[in-house]
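Structure below; questions to follow.
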Amino acid sequence: MFKTIKDLPRDEYLAPGHRLCAGCTVGTAVRQILKASGGNVVVVTATSCLEVSTSYFPQTAWRVPWIHLGFENSAAVAAGIESALKALRKKGKSNEDFHVMVISGDGGTFDIGIQALSGALERGHDLLYICYDNEAYMNTGIQRSSATPYAAATTTSPPGARSIGQRTHKKDLVGIAIAHGIPYAATACPSYPIDLMNKVRKGLDVEGPSLLHVLTPCTTGWRFDPSLGIEIGRLAVLTGLWPLYEVDRGVTRLTVQVPKREPVRKYLELQGRFKHISENEINKIQEIADKNAEKFGLGPIKE
Amino acid sequence: MKRVALSGNYAVAYAVKMADVDVIAAYPITPQTPIVEKLSEFVADGLLDAEYINVESEHSALSACIGSSLTGARTFTATSSQGLAYMHEVLFMASSLRTSIVMANVNRALSHPLNIWNDHSDAMAERDVGWIQFWVNSVQEAFDATIQAFKIAEEVLLPVMINLDGFILSHINEVLILPDEELVREFIPSKPLFNRLSPKLAYTIGVVGPPEYYYEMRYQIIDAIERSRKNINEVNREFGELFGRTYGNISTYMMEDADYALITMGAVSSTAKIVVDSLRKEGEKVGLISIRCFRPFPKNDIIEVFEDVKSIGVLDRALTPGGIGHPLFTEIVTTLYDSSKIIPVQSFVGGLGGRDITIDDFKQMYKIIKDVGLSGRRKPCIYIGLRE
Amino acid sequence: MLEIRWHGRGGQGVVTAAEILATAVVNEGKYAQAFAAFGPERRGAPVLAFTRINDNEILLRTQIYEPDIVVVLDKSLCNDNGVGRGLKKNGIAVVNTSSSPEVLLNIFPNASKIATVDATRIAIEKLGVPVTNTAILGALIRATRIVKIETIENVLKEKFKGVLAEKNFNAVKEAYERTLIFDRGGLL
Amino acid sequence: MKSWKELPIGAMIIEPGNSIEYNVAQWRVFRPVLDKNKCTKCGLCWIFCPEGAIVRNEDESYEVNLSFCKGCGICQRSCNVKAITMIKEEGL
Amino acid sequence: MKRVALSGNYAVAYAVKMADVDVIAAYPITPQTPIVEKLSEFVADGLLDAEYINVESEHSALSACIGSSLTGARTFTATSSQGLAYMHEVLFMASSLRTSIVMANVNRALSHPLNIWNDHSDAMAERDVGWIQFWVNSVQEAFDATIQAFKIAEEVLLPVMINLDGFILSHINEVLILPDEELVREFIPSKPLFNRLSPKLAYTIGVVGPPEYYYEMRYQIIDAIERSRKNINEVNREFGELFGRTYGNISTYMMEDADYALITMGAVSSTAKIVVDSLRKEGEKVGLISIRCFRPFPKNDIIEVFEDVKSIGVLDRALTPGGIGHPLFTEIVTTLYDSSKIIPVQSFVGGLGGRDITIDDFKQMYKIIKDVGLSGRRKPCIYIGLRE
Amino acid sequence: MFKTIKDLPRDEYLAPGHRLCAGCTVGTAVRQILKASGGNVVVVTATSCLEVSTSYFPQTAWRVPWIHLGFENSAAVAAGIESALKALRKKGKSNEDFHVMVISGDGGTFDIGIQALSGALERGHDLLYICYDNEAYMNTGIQRSSATPYAAATTTSPPGARSIGQRTHKKDLVGIAIAHGIPYAATACPSYPIDLMNKVRKGLDVEGPSLLHVLTPCTTGWRFDPSLGIEIGRLAVLTGLWPLYEVDRGVTRLTVQVPKREPVRKYLELQGRFKHISENEINKIQEIADKNAEKFGLGPIKE
Amino acid sequence: MKSWKELPIGAMIIEPGNSIEYNVAQWRVFRPVLDKNKCTKCGLCWIFCPEGAIVRNEDESYEVNLSFCKGCGICQRSCNVKAITMIKEEGL
Amino acid sequence: MLEIRWHGRGGQGVVTAAEILATAVVNEGKYAQAFAAFGPERRGAPVLAFTRINDNEILLRTQIYEPDIVVVLDKSLCNDNGVGRGLKKNGIAVVNTSSSPEVLLNIFPNASKIATVDATRIAIEKLGVPVTNTAILGALIRATRIVKIETIENVLKEKFKGVLAEKNFNAVKEAYERTLIFDRGGLL
């Protein structure tokens, strides 16, 4: 287990020179994930910001084997790789040994990829599925996904005379994953690197499927200054909108306690995507945080 | 070697077993299902040591196969109709990422209306995807093509699709010469393929190809499939040496001196031969061409047998609504153009959605072909057996 | 070329019967095709299967419209007149029924020979269940001599495991014995 | 640029991590300057930088590799002791 | 009427808004996204009274559109490339269930490698699906075709796909004559369509069509799309009366006396015209044909303009690996065959995955076409701009 | 609310003459569902036994409007219909008013259709999704689905030297649906018609998406005598393998109590698909029932 | 059989419930016989029959419509008072 | 035909600038095209946009390889030599920089005219944020007179709501005033 920043490996498996936006916390998250993995891993990524930014021919930012197929099938590709490795090892045709990991966006996970994910979880492949969640389709220019939070503005959930922004509530990915009976699932955020990296290790070490849902604030899509990504991630946690927890063989455990919560307003104010919202919506969002707090045992709101 | 009665589907399943496949990812669909059922049984009984992935859809089936093939596993899948259509997007990927997947496609009509019976619309709608495509005429061919397919796919690094007619071949039990497993292994040794997804290499696969590179990357597929002609012929030759049977890219019947030829694909060719025989008895110089290797398209083989023909009929079992012609017709016409031959070609459509093509239907077609040859004037596409 | 049409019900194994016969034919060195009238087969619904038999390779891949032989696995199917449809002049009908063959004359007006056997009773006796698909084979062979009964025995041994093969063969033999054959000349 | 014959097959890139050849420094409007004297070697800037542009030396000291830095300013905000300042890049 | 500068995508969005569409179900994909973004905005702002379904995939997008269209709602969707490919299976259903869906497909290359730029491989791989297909050459045409599409789709009961080149048209702002909304409404009144899913009727839709019926049911689509030629012409005529612009199924440039012709589709035609102009100045009798209505294929229109041509070049922007020829080439050759004309046709491929087709490229093509015309000998397909 | 059999409407919206197997409880279930609906409903069905058996041209068994598109998209089709109706009504273009209902199989729901379902639930369409669950792909001849129970034999989970039958456990459909935050979801079985029909009504009457998961024993695929379907369904409930419950706006409630449970053996013994299983597997299946009993408050096992 | 011109467009069947024309009685091996005297009119056979082959009359009595019955025997098993018996159909 | 290439960064609105100009041209009755060098645009990454202007309908649909005019929205982009690439002989360069135009001579060796303006300062003054895409338009118009400044005003009014239109136009005007122009003959 990683305890301090000093513990964290020096090795970088995501090379600099990728084309993610300046200030993109997806870069941060993937660096942390790959460090935790130790590099002995095959990574599958669905079409997304991460994918186009790291594999723009003739340059790759990946120092681990990596494959991208399409938008809807990263879990299926991973299942194929895992099964091939298993078969070849069993038959004595190979002595390679590596972990299989998916790192895909919220669109490729919550929406168009959820079928492949559901199937892979159900079949029990030994793989770690990581969804980095920037809460919209960013690669195509900020369209809503089913991970977009209530009231947020995106280009397909624009606010207007007849719209408050996103009308629906964020899908509960960990809840859905756990309903599949998988041994391990957790939330994380690169603003909490030790927490995130330990969860990656747990996810890799557990036998069978595991899932990590990582919140990755997006300067472009959430409309905040590029320097603020990590802070905004932290605020998501501190407001209770993004509780850090894990469900380990059926047991739910908060992994980062928030003794005094920040009001959600503080989080929302920093982001252009919430600029349009009224008090009414702010209150509703506060209720979401309060419910999370109740469910996961977070502290009360700071006065 | 054993002489048995087996269905087309089981013949494929046995071939896959003898190929000692490593990974199977497939989804059931009529009339392909017996293939995957038989393979499940082989795996459950320990007769085939493979990972069988019970995927949740065909889109995922082929996606998993790509992951598997690139990890170095000999990989098989099978599908049909709606399943093949659902794979459409991924089919392009399997070829462009240069996998060695072998797939059996049991030809069936496409919805709507829903129809589980045989025609060729599923595979014909995938004629641009960059796969090598075989079409077989008998249970024996289904077996043999499957064995050959693994060798070709692994040499050329292109996926191979074996098309067998739904029910007509897939569900018919007929004589099959089942070779000994050792002989099959000699032909296609059971070895791991190149693992392109190894941490030792850390390749990046499935990249963004910007305008400066995309064209060249896609052209590689054109090149590969053109070059595969050589491999296909060579593999076929080797197969002949070991098993005593060979197949051409096309199979011809009574074409040596034929004036009037019909071109078909798939199992109905076999019925057509009977008609050829009977017409020959009546003194008609008719012949038959059946295309076995549809991709790469065997233009030279076809042109060669056309040498002295007076008119040609093309039987399409798939439609291109609103197109200039139906798929096979268009390809044959273009072949003739390519060879600068001017021979009238009559377009026929028949046997859609399991409509039987009878002896009489074939007789009618030959009659029309002859008329066309004599008059030099072809008619618009004739829909054989359609109730007007 | 000999063409056989089998009538049964979904779940009765009529296709299996057609296949066993084809395998037997093949094992005797000849050629055969066995297939079903393809469609969504439902338990209880009438289904058709076909066997083609020939000394040489069979090229014909059309459906069978005018069979030489019709085999009916379940007599209640005779309530529908479909069973006699298309039977060639001088064709043969083989029916699972406890009735005598003559009763079937107007159902198979074209038949030159009609064979009946109470396959259901035999199946219950020999297998313990009313699965008539193997028993009826006995009657068919008796009426037509298409293959040797020993060939069927060998096929059953490949197809079924252990005692099941034996039981099924007993059903075949028993049916073979008990089959009543009627031709236009009279009961044989 | 390479002809079709020279490109690796199957849309692969076979040189891991060659993106270091891609110039992201050009993206930068502000440049981080790390004051080694103020730095407590906490490593936060290093673990938060989206680019891996902050280098952790063998002696556990940190420095910025400007060839890899896009100038987002995350490091500056991560530094509790304000050892990093962002300075405007000047064209020309 | 207003003269504005608008992108191809926005032109489509405005047309859809003016058509007072009832339901939109679409999924974002580059370079189509601005269409659905703009439509979202119209809906959010109350400028368009429609249900916007934020579907989770393109497969569902088109499925929802079918449900919607059959319930009597004017229905629109838009996609591109992988999205269109993912719809493949459902495309057949939309035509065979006789919906009136209008779809904008913003043409983009298919993976792999992933490429968001323009070519025609997405739509060309759907040339069998039974949709009416338009290909537009300018932002104005994109707007006009969208308006026309609703009328045609609702008359013929076939879905219509409007293809516009990704980026080259979709993302270019250029002059657009935006008509008044009332005029558009006059042209396509905003009325509910026939609700085939009403409890009052209790129809059963999407049935099993057994072999006895499937063939006839599919033939209805052939018939419908053939008959649609009349509607298309008529709608175009009416459009002309109201808006003062008309389009043919093909558009020709300097073809009256041309000896050498190039055939293209989509926006590059417009660049080609410049080359035609400059070659004409040099005394070369060259001309250009651009196909606007690709399905149903305008064979008669094409044959007519071919009358006195000495040689033809066909520019394909999509591939058929291992085929006898690339898609448009094959159709043109078959067209000639159909007309019994013997004119040498040179196949070109170019502009794949956003590779620019430059003035020089077009000059080179015309030069080759002329050579072919003079020598009477065409070469194998020439890959313009490919780095060999 | 329906209280007794006598309350149930006489109207039949599923005509006789459909081609479901003799003894198929899907016929029973659909009859009950449509009766409960009152007939003012548009039904969408995915490719399945139900679909091919009821719409074989030129004959239909449907007396309500019905549409089948494909195997993977029934929820999306329903969403399109619902939206069209909403739009046309809102715009004054139509005054029709009907409910939209899906009736699809487990394969079309749990596997290839789960993405469309997940999307429709998330977006909040007003529709009732009913999954009739015969625990395998029956239409294509009994292949496993992710609804197939542990250890059951199907043609793609055959028992054998290296296989116990189905290796995985049944997906928790109601759990997954509820994780989507929908207002109403429930299990049902045609062996309990009143319970089932009241749940149909609730599902139709609730605003927004609702889901019903109906167990429909299959004579052909489960291998039991055609007369036994209803009894086997009852045993599923009485053993605790199929608890009848509902989750109504977050509150889980058992709707049919089982004071004394039957041992699972009694249920398994009747079915050919479990013929191969060992004591070990029987015990594991008993554990599943026991866990259900604990979770939903069913009674102890009968002595 | 109808020509393509006569078939309804778009793979539709426009006569609701015309499956009653399809002969399922042919599927039957056993036939249910309902003894009205024993029957308590509980309705269980009616609600459980997969076919809708049991008719609930206006007077709440029940009877079997044999044209629609496939002979599965579910009704017999549903009847607590054994008012229904299954009788073998005889061919010929 | 006049061809303009715009250099900016992802997020700076360089495409919008190209579009505003095109709209202005169109509003003046001429023809224009505006488009971007298409690619995955990322915040901070250099991006290109283009405008084509003509008196008649524009048929050309190729990329722009040899622009008549280059506009640079962010001077730091001049660190890379790409900005001068392809500029036609006697072309014009317009750059957002506080430096004087002469400094840019060797970056745009082909330019006959170089205009500079401190658009960033102006944007901050007039808009409160360093979004330079509208300000630079003022400099471009000043250097080229492609359209009338009032036409730009009208386009801004359509494009932006209320006070934002005004602020932006103030930036345009201010830049127009403060632009320094150098031609090979010397500073104008």
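Each chain gets a letter, A, B, C, D, E, F, G and H, in the order it is written, and its residues are counted from 1.
By definition in this document, a contact is a pair of C-beta atoms (placed from the backbone, for glycine too) under 8 Å apart; a residue touches a chain by one contact, two chains touch by 3 or more.
As the structure is a prediction and not an experimental result, all values here were calculated from the model.
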Required minimum of steps from subunit B to subunit H, each step between chains that touch: 2
Partner chains that subunit B and subunit E have in common: A, D, F, G
Between subunit D and subunit G, centroid-to-centroid distance (C-alpha), Å: 76
Gap in Å, rounded to a whole number, between the CA centres of subunit F and subunit E: 43
Centroid distance [mean C-alpha coordinates] between subunit H and subunit D, Å: 31
Distance between chain centroids, defined by C-alpha means - subunit G, subunit H (Å): 80
Interface hub residues of subunit F, defined as touching at least two other chains: 19-20, 22-24, 51-52, 54-58, 60, 62-64, 68-70, 72, 111-112, 114-115, 118-119, 122-123, 139, 146, 219, 226
Numbers and ranges of subunit C residues touching at least 2 other chains: 39-40, 42, 44-45
Residue list for subunit E, restricted to those that touch at least two other chains: 54, 56-57, 82, 86, 89, 93, 96-97, 111-114, 117, 196, 201-210, 212-213, 215-217, 219, 354, 356, 386-387
Which chain pairs touch, all of them: A-B, A-D, A-E, A-F, A-H, B-C, B-D, B-E, B-F, B-G, C-F, C-G, D-E, D-H, E-F, E-G, E-H, F-G
List of subunit D residues in touch with subunit B within their complex: 1-4, 7, 9-14, 16-17
Parts of subunit A lying in touch with subunit B, wherever the complex brings them together: 39-42, 44, 51-52, 54-58, 60, 62-70, 72-73, 75-81, 83-88, 90-91, 93-94, 96, 98, 115-116, 118-119, 122-123
Residue numbers on subunit C that touch subunit G, as the complex places them: 9, 42, 44-46, 74-80, 97, 99, 103-104, 107
Complex interface listing, subunit B residues touching subunit G: 112-113, 386-388
Touch list for subunit A against partner subunit H, complex: 19-24, 52-53, 56, 139, 219-220, 226
